[in-house]
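Next come the structures, one after another.
Each of the next two complexes has chain A plus one other chain: chain B in the first, chain C in the second.
And then the complex of A and B:
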């Protein structure tokens, strides 16, 4: 096979899929990309056995063929290549020649027969969603991450659901690590058909999806079929294999109906929390929130570093509540709220705290309290 | 269905023999214990072919009359207990009255016995449980029992016997054990007509312990003595560096009876906690004196197992006894950290002592010696070829023009440091002058980027900087933890765990303790529990498997300090991550601080994983290595 393409466009594409192909693995071919040249285009596939990226791009194809080449090395070569037009030529025995003239690489490629198969999914019932909304879903849920040894499905993945609220249909994503929960509702267009089982999308795949969505796109097509979450653009698509398992019933924890809202200024609250966070340490991360009439007192006493006190005027009229939280979770939650005014809900010293934008219920963040004895 | 019949006596004796007489060593045990109960002071054990063809035990005990001798071979005949009350407060070794008839039923058995006052002794011959011959005979005072062709009439059991060597090693271990608990009595063991063990009656318990554990432990054996109103724990424990990979060198005695009890072994290990590597066992000889009615030895016919009525208290006493013995030993920092000599023979079986007065050799005046040599010592230990700053501290960059790496390479000897193979059996720790400590020591520098070399009163000391810092961090964290509020993170998705009834029992016992650590667990009906909150220091972990593991440990170890262990392990891990590593260069100020902090530690001699933090060579050791002193 022999083809050439535009360096700048291809560097862009390759940069976005490096995350997919740089995972530690014992199956080394998942560090490769599959390049398929046909007609006057080439297609690129990356597959880490959980998430599959596929894209088709214009190219000048002299002779058709397929090759499987190391993703990172290929990307680095293209990125640093001196000319705008890059020539790829499979010489023989899977030796790949990159470039021509003064700058020339010979790279060993793998047997493309071993490249993991791309699942063939057809007739996907797609609905349309705004790129910005999908991006927001990804951002809101990926803040709530997981640690390396995690095994709980509901922490490894985020739940996707169809919900009806105020007579509108929304696509909801729920993400938790058991210490907090984020829930975001995105509007969509079309007839969404979902299977009966819980749809749990791995957070790893979601973070790859974050790079896939570009805000230049207007709308994207999404759908669920054959145990995959599929996102489609004009010339590119991504398929994420769903996790199998049960998702806990999260609805009771996001219910703030019986609670009184406290209106707050997001920026002010966020800066307060950032200041008290300074005194947290690896094994001391709890901050005490003391709600009194019209006043919130936030204090931390770390015996090794020192203490700090922040007073915020709030419109609170209930009984005194003294409770403790990890301030990082507040900072994270406030970071994904775009609105300046927020509502905060608190009931008693044991109950979680809920924060959301003041004027809508599209985003709800729940933070579990800490217990000091 | 065949009719039910009472078993003939021979058969029932053989069945009993199945429990009592497992192998030649069990025969030896029963016979020697009888001798001990008869008040013997000299006991001779002779075996041939690992006891398979002959076991002969002779003593100078009280002996038996003709009538008693005949009665003794009847089942359930014993001189040792008379009433039910006696059974629950047993002070003699035997009491069941099963041993002799059982042994006699599976061997060719001969007993010759004579009381001191009698004119003639009695000879009894039994073959396979049948009385063959009884006659008067001339005999020395005491009793001699001969067991020939053990299991000749029970071939199935005979097949289970192991090689002669294995059987003799069991016998030898057993005799060692018995000898330990009866230091005043002479034991001699002959195997195939050769004297293999001779425990002189002149031994004191310490000498006998050294004799059994191996000579190398002599200077590293620390006395245990701990008691409360009821229980007394005595014995000796060896320095942690004498570790084994099995518990075979832990001798446990309850009221002078050699026993084995897993709970006691783990209590011993807890006493060594923080000093031993995981999976290693120390050498310990432990005597537990406990009121006879507080312990049941009638658990198994072989009496290897016991039951304590108040086992937690017993275990705690043992743990405390050992840890305080080791603490005391550590106060002598120098001698404690000195490298143990390699004089321990593989099986802990030592050769007969060459020298009967090792304690009176040159260092009887160690105190004076060290004063006299003090100035001298400083002179001698001045490094000759290395530039020394005023402070005595060598800095790597002192030599101009020499790259650091090369500089460092010079410190690395081509061969490992010479091993201290000399047996410094002349050194007795109890005569060592008290240590002035390491914080005031002269710092000679850091070698190989990993070890700190200092000179202190006790000699030349190498300190592993990582291990030392780990110990410091660990104790700081532990202290800090004790002062902090316990913080737990409530879980948004409480985890439920399903348990078996046994596990429920174990968990319920420690719910409160777990709550103190920050695990909030509540019953959720039947055998289900729900974990509502986790300690905030581990809130990223999944709680279910963690709790399950803790419960399993509680069940396995039957002690409730498991939660404490868990906390320690968590802190150890965290300490390890925060400590200075090997190959990290340290300046003098840093080293000085490290030494100071280390000295302030509760257990400065070991890192929390049990590795030593320092190794020292005293002046005598160095003199030996340089052949200044032979």
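And then the complex of A and C:
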């Protein structure tokens, strides 16, 4: 096979899939990409056995063929290549020549027969969603991560389901690490078909999806079929294999009806949190929130470093509530709220705190308190 | 400058001190059964090749005249406390490492106590006068080196490595004397033809680090005359554990679980008495051939109930495939923190309530045991009278 392509365009594509091909799997070939040259285009496939990326791009193909080549090395060579047009030529016996003239690479490729098969999914019932909305779903959920040793399915993955609010249909994503929970409702167009009431998408795949969505896109097609979540652009697609497992009943957790609302200014609250976070450490993560009439007192005591105190005026008329939180969770939540006015809901020292934009319920962040003995 | 003090055959020396009949004779402190091990051997016994951790039957074979003396823990810890108190008079920075060993930072103490040698003599004399015990002292610019120095002239010796001698000493230092170099690391080092600390310089630092990881980095640092470790006077307890040698080797999982239950209860009680919670549970199993394994699990939430510790210990044990008979079982906890430090609660699931309920049960049981004795309330499975 022999073909050439535009360096800049290909660098962009390869950069976006480096995360996917750098993931450790049981097969070493998943650090490769599959390049298929036919007609006047090439297609690129990356597969980490859970998430599959596939894209087709214009290229000048002299002779057709398939090759499996190390993703990172290929990316680095293309990125640093001096000319705008890069020539790829399979010389013999899986040896690939990259470039021509003064700068020339000779790379050994793998047997493409060993590259994991791309699932063939057809007739996907797609619906349309705004790229910005899908990006928001990914951002809201992926800030709630998981640790390396995590085994709980509902922490490893995010829940996706259809909800109806005020006679509108939304696609809801719920993400939790069992200490906090983010929930975001995105509008979409079309008739969404889910195999079950809800599905669980691995967070790893979602973070790759975050790179897949570009700000230049207007709308994207999404669909669920054959145990995969599929996102389709004009010339690119991503398929994420769903997780199987139980998702706990999260609905009581996001219900703030019996709680006391407090209106707050996001920027002000955010700067207060950033200041108190300075004194947190690995062993002392907790910040005490003391709600009094029209006043919130935020204190932190870290025996290893020292203490700090912040007073904020708030519109609060309930009983005194003293509760402790990990401020990082608040900083994360405020980071995904775009509105300036926020509502904060509290109840007592053993209950979670809920924050959301003041004027709508599209995004809800729930943060569990810390136990003060 | 760092001073390392190591008591000479501590337990045995105390027994010989208190019983003139034992003086000058080969004695071993430890249990009397054949399954016990030597905890300390007197210098007379060491001549026969008897050392700590050697099984008692083996020791008796080596020296048929060996006198076995049962240990007196409280006596030893009393003596230890008084020795540490003496050390505290010489420097504010004293780090007791174990019952018979301590580090002291003696930098800047010379105006008060004279030269390092004078100071070492003074400390030895005080211990000799007050406790009638001898010790060995090593003084060196680095902490690890002080420990190696104290071992050079044992018993009753003083070894000082001056700043200007330190580099030469380190270069010629036998690699197996470095704390942390075990059997496996040693054979790997020997394969690289590294026999002294100075030999490390024959390789690129990156090479050593990639081969030995964190420990490799330490070796490279030591070879360059850097030792990051300091004398930590404030002793922070890092773990609580308890282990027991079984009366006979076994593979019976039911019996092992019972032992674990009793160990977990003891560990849990100590943990709660210290008003702490733990986020790590580990077990240790020693087999009939004296090989041993440890297994650790990190918990999502810190716990302190015996039940939670036991559950984790059993889970760890169930993941072990028993190929040999078990000789010794240990259960322990680490990642300790004060119970008053706020603990993140779970948003979903009710595992936490269950832990909390067991903690309340333990609290009540602890109170009864504190008041009426520790053998009064116990798990039914541990009560021999209702066992079939």
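Convention: the second predicted complex is superposed on the first by the 369 of 373 C-alpha atoms of A that agree within 3 Å, B and C clash if a C-alpha of one lies under 4 Å from a C-alpha of the other, contacts with A are read in each partner's own complex, and residues count from 1 in each chain.
The rule is simple: contacts are C-beta pairs under 8 Å (C-beta built on N, C-alpha and C of every residue); 3 or more make two chains touch, one makes a residue touch a chain.
As the structure is a computational prediction, the values presented were derived from the model and not from experiment.
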| item | value |
| --- | --- |
| When chain B and chain C are modelled together on chain A, clash or fit | clash |
| Partner chain(s) touched by A:283 [first = chain B, second = chain C, both, neither] | both |
| Contact breadth on chain A, by residue count: chain C or chain B | B |
| Contacts of A:304 with chain B and chain C, given as first, second, both or neither | first |
| Which of chain B and chain C A:369 touches, first, second, both or neither | both |
| Chain B versus chain C as contact partner of A:151, first or second or both or neither | first |
| Touching partner for A:181 - first (chain B), second (chain C), both, neither | both |
| Overlap of chain C and chain B interfaces on chain A (superposed complexes) | 149, 154, 176, 178-181, 248, 250, 253, 283-286, 324, 326, 350, 352, 366, 368-373 |
| Residue ranges of chain A in contact with chain B within the complex | 147, 149-152, 154, 176-181, 248, 250, 253, 283-286, 303-304, 324, 326, 350, 352, 366, 368-373 |
| Chain C contact footprint on chain A (complex, rising order) | 149, 154, 176, 178-181, 248, 250, 253, 283-286, 324, 326, 350, 352, 366, 368-373 |
| Complex interface listing, chain B residues touching chain A | 480, 483-493, 515-516, 518, 520, 533, 536-537, 539-542, 574 |
| Chain A contact footprint on chain C (complex, rising order) | 298, 300, 337, 339-349 |
